[in-house]
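Shared between the two complexes below is chain A, which pairs with chain B and chain C, respectively.
What follows is the complex of A and B.
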């Protein structure tokens, strides 16, 4: 039972990490609270529902979900978010409006009903009493791969260097003739694309609904707050901590209570470590 | 820098609260099974006829119209189900008017949209009663919205026809419960599996709101009658939750051989899917729901195959009245829609026909209490079978149909109760009758 719960926690952590990756980039690096983040996950989910209905293999659906969500994200940035840089509260309201628009648009296009697709790999690995659906192993693998790719992009490419530079000191970076507006747009699109991948991976394990975004957005922000605002390692650790906590505790008490305890702990945490557990010290 | 972080965090908390409020508003705390996810993916028939008035006087009935109010949640959590209900009810209105109306007077329908929200329900119900002066209101599916409409009809001495299956344990001077109570369906199903399949260990699993909590209390009382049968677990998941991994472990650890599964909204389909993924074998563990109805099964997909639902109506019922109902439905809204009609839309159709009978009997005295009195003891022969309105509680008696979902997600009836019942105050819980 305990082992099962720990294993379950890991696959839940995979989903959470994927959902949080985009948030780390947009929220952590750009300082934008994008309330439409969950809805970009929804965009990815429906992209996969749509293309997998057309008979495309899962791998292709994931890539298409990335592209679609990135394009939607790019449009959101250019049309809305760009106008509100540096105005936290206005960004909040504007992106909330975008969130409602996306949710309702999905409802108009796909109808309000729950949609789902079968897992890319059926069956489960059975070790004693422990059941691990193969698909869940795939989720964790994809999550780790995406984290690695994001890390490589952020720390091994010029674009990543520019993104990090802007996040540290925007004026100074502009002085170095970096087109910060363009980089902002790209970063936002990248974060949105990652949210799309999360959506694509979530659907086969769970379901897609037009308003699914809200709960995933909450979870991904909690992950970022716990893990650290701009740390990929922190996001991974945050996702693992949160999932294992709710999963293991939820195995023994009611899940509702486990979640309440988690949220209380998060409140205490942000009081004492406002930048998260794994945040880098900044001068 | 530090101040910036504080602001960021504050904004984040504010944002979270905002979203949480938004996400809970819809499927929130409903007292009926109708928070279940909306049925179809296709363009609903709603677009076909945006006109909110139907039943215009034809040749058949030309007298002064009788105003009937309808309350449906046409946006929000109830959207899909209520759209089906409205369509089915309008079908019955057309039928009544085509057959001569009410003693020569046509029914005129005024539809209000309560937007799946209790406060809006109160306003719209008041509008129908006070401004439009309708003779009766048909509608509401979401339990919390029904609870909002009820005081309005009670305070203004009007009449509400409630077509949704309820958990019982309440009555009202101003409500006719044409959806019946689900206690009979629960009792028949649980006893069927105890007697026929010898199940011993029951696990109660539901969405965290009043309807599953109440019916699970009823299951406990029923199980207590059978020595050797025990409740090995009772779990509730928050409404949008789609992660069942932990709960499935608890089910396995409990050794349960029967799961009473009553989830709504996003959770409904996700649960069946994960039962399959985590190796719950429906041959070893029987899964039964009193909430999962016809359209939901299609959404859950093949993972539902082999589980059961217990309800007062399934579209696969084989009788003349049901054939007529489905034919009317298909003619107007298409075959595909007709194949997804569940129990609540069927009861909405039936409710209009019953109200028409009551209005005919009421004659010129169309006061709410006179109309209501005509429902007492009324017998109906309907798509769901024969039933009658209990003259004490004004609940329609309903039969139990236990259906197994086959490989095409179609309900295959495996058990049908002898007679229709409406045990509003379950004797096992209320030995002295209504409190």
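What follows is the complex of A and C.
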């Protein structure tokens, strides 16, 4: 039983990592807490529900979910977030408003019922008495791939270099001929697109509902807090730690109790390592 | 050549700026022309750094007009000003601590194409041979003098048309100060780069500058050509 819980924990970690990646990009580099982050995951989920219903293959749905969530994120940044840079409280309120609007809009368009799509690949890998659905393996693979792509974008491209420069010193970066406002918009769109991918991957494993965003938003931020604000490695480790903890402990006691213990531990962690387990030391 | 014939680099017309409604720059007007190395002098807190920040677009004007080359406006963003060819070496140097020295330099030339950036990289390192040994190190671990050289080198990477320097000698040991003065003069001679230099260190300022402006309470108090300051001006506006 322990082994199958560890394995279940891994696919949950994949989902969590995908959900948190976008939050790491936006929060880590721009310092923005976007309370609509979970709703962008929802946008991705419904995009996949919609195009999957049109008969498009899962791979295409994932890409379309990225694009749709990125465009929605871009609009949110240009219309709302841009006006509140440097004002944490106002950003929180404004993005919460956006979250409500997106959730209710989804309810109007798709109805309140839960929706899902069949997994892209059916069947399970059976090892002894442990069943691992192939789709769960795919989730972990996609999560690792997206983490790698994000890392490559941040550390191997000019856009990534500019994003990292802004996170170190916004004003100096602007004085060096970088249009920081444009980069902010792109960063936000990119983080939103990653949330969309998370949504696409979640639907076949779980369900899409109009108000699914809130719980995923919470989980992504817990992951970011545990892992570290500016570290992709930290996000991965945070996702793995949290998922394995709830999955394994949840097998022995109830999952609810496991979550309560987890949240208590996170509070203790914030007290002693406010920037997360894997945050870079700042000089 | 008389001042009128040399190309206009920068013109400030009755420029004013405030922090929290209190005026810190009061109707300052001046011109900078090709060939000028202007020292901006004055006691602590008279608004030298603020005026430099106004020129760079970091502090918004609440009155007056700025003209860079042919662009004349009341409002510019730092991005627009840097794209016009103004490079800035701020107080405190503002090196990207997490980037290597090489990355810091390459970032300075981020708008150049790969070939240009490579050529420029070598050109700039000619002036700062000391940086060559530190290319793979993080910018944050360099000494103050090395960081200052890196900040100037980074500014030069973009092939600027005007260089702004805010107290490049602050907290730097004397032999490096002399070296920086020599480098700036060489840069001016060989790249024909106009400069504005905010300085407390008069000796350094006049090793470099060929014009001066003295600020007093945010307004222009004295100005002139030449590489020396009249004793009367020193006594009145600069003696502590």
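In the analysis below, the second predicted complex is superposed on the first by the 283 of 283 C-alpha atoms of A that agree within 3 Å, B and C clash if a C-alpha of one lies under 4 Å from a C-alpha of the other, contacts with A are read in each partner's own complex, and residues count from 1 in each chain.
FYI, a contact is a pair of C-beta atoms (placed from the backbone, for glycine too) under 8 Å apart; a residue touches a chain by one contact, two chains touch by 3 or more.
Keep in mind the model is a prediction, meaning the values are calculated, not measured.
Chemist: Record, for the superposition on chain A, whether partners chain B and chain C clash or fit.
Modeler: Chain B/chain C on chain A - fit side by side.
Chemist: Have a look at where A:90 lands relative to chain B and chain C in the superposition and call it first, second, both or neither.
Modeler: Neither partner.
Chemist: Just checking: does A:177 make contact with chain B only, chain C only, both, or neither of them? Give me first, second, both or neither.
Modeler: In the superposed model, A:177 contacts chain C only, not chain B.
Chemist: Report the partner of chain A that touches more of its residues: chain B or chain C.
Modeler: B
Chemist: After lining up the shared chain so the two structures overlap, which partner does A:169 touch, if you call chain B first and chain C second: first, second, both or neither?
Modeler: A:169: touches chain C, not chain B.
Chemist: Just checking: does A:256 make contact with chain B only, chain C only, both, or neither of them? Give me first, second, both or neither.
Modeler: In the superposition, A:256 contacts chain B only.
Chemist: Would you sort A:116 into first (chain B), second (chain C), both or neither based on which partner it touches?
Modeler: first
Chemist: Considering only the touch criterion stated at the top, classify A:157 as touching first (chain B), second (chain C), both, or neither.
Modeler: neither
Chemist: Superposed on chain A, how close does chain B come to chain C by Cα atoms? Whole Å, please.
Modeler: The answer is 15 Å, the least C-alpha separation in the overlay.
Chemist: Using the superposition on A, tell me which residues of chain A are in contact with chain B and, in the other complex, with chain C.
Modeler: Shared contact residues on chain A: none.
Chemist: Sort out for me which residues of chain C touch chain A in the complex.
Modeler: 56, 58, 77-79, 81-83, 87-88, 90, 94, 96-99, 103, 107-108, 110-111, 140, 154, 158
Chemist: Show me the residue ranges of chain B that touch chain A in the complex, using the header's touch definition.
Modeler: 1-2, 5-9, 11-12, 14-16, 18-20, 22-23, 26, 37-44, 79-80, 208, 235-238, 240-243, 245-247, 249-250, 252-253, 265-266, 268-270, 273-274, 277-279, 299, 301-302
Chemist: Give the list of chain A residues in touch with chain C in this complex.
Modeler: For this pair, the touching residues of chain A are 158, 161-162, 164-165, 168-169, 171-172, 174-181, 280, 283.
Chemist: Quick check on the complex: what are the chain A residues that touch chain B?
Modeler: For this pair, the touching residues of chain A are 1, 4-5, 8, 11-12, 31, 33, 35, 38, 88-89, 92, 96, 99, 110-116, 118-119, 124, 126, 129, 131, 133, 135-136, 205-207, 209, 211-212, 214-215, 217-218, 221, 225, 246-247, 250-251, 254-256, 259, 270, 274-275, 282.
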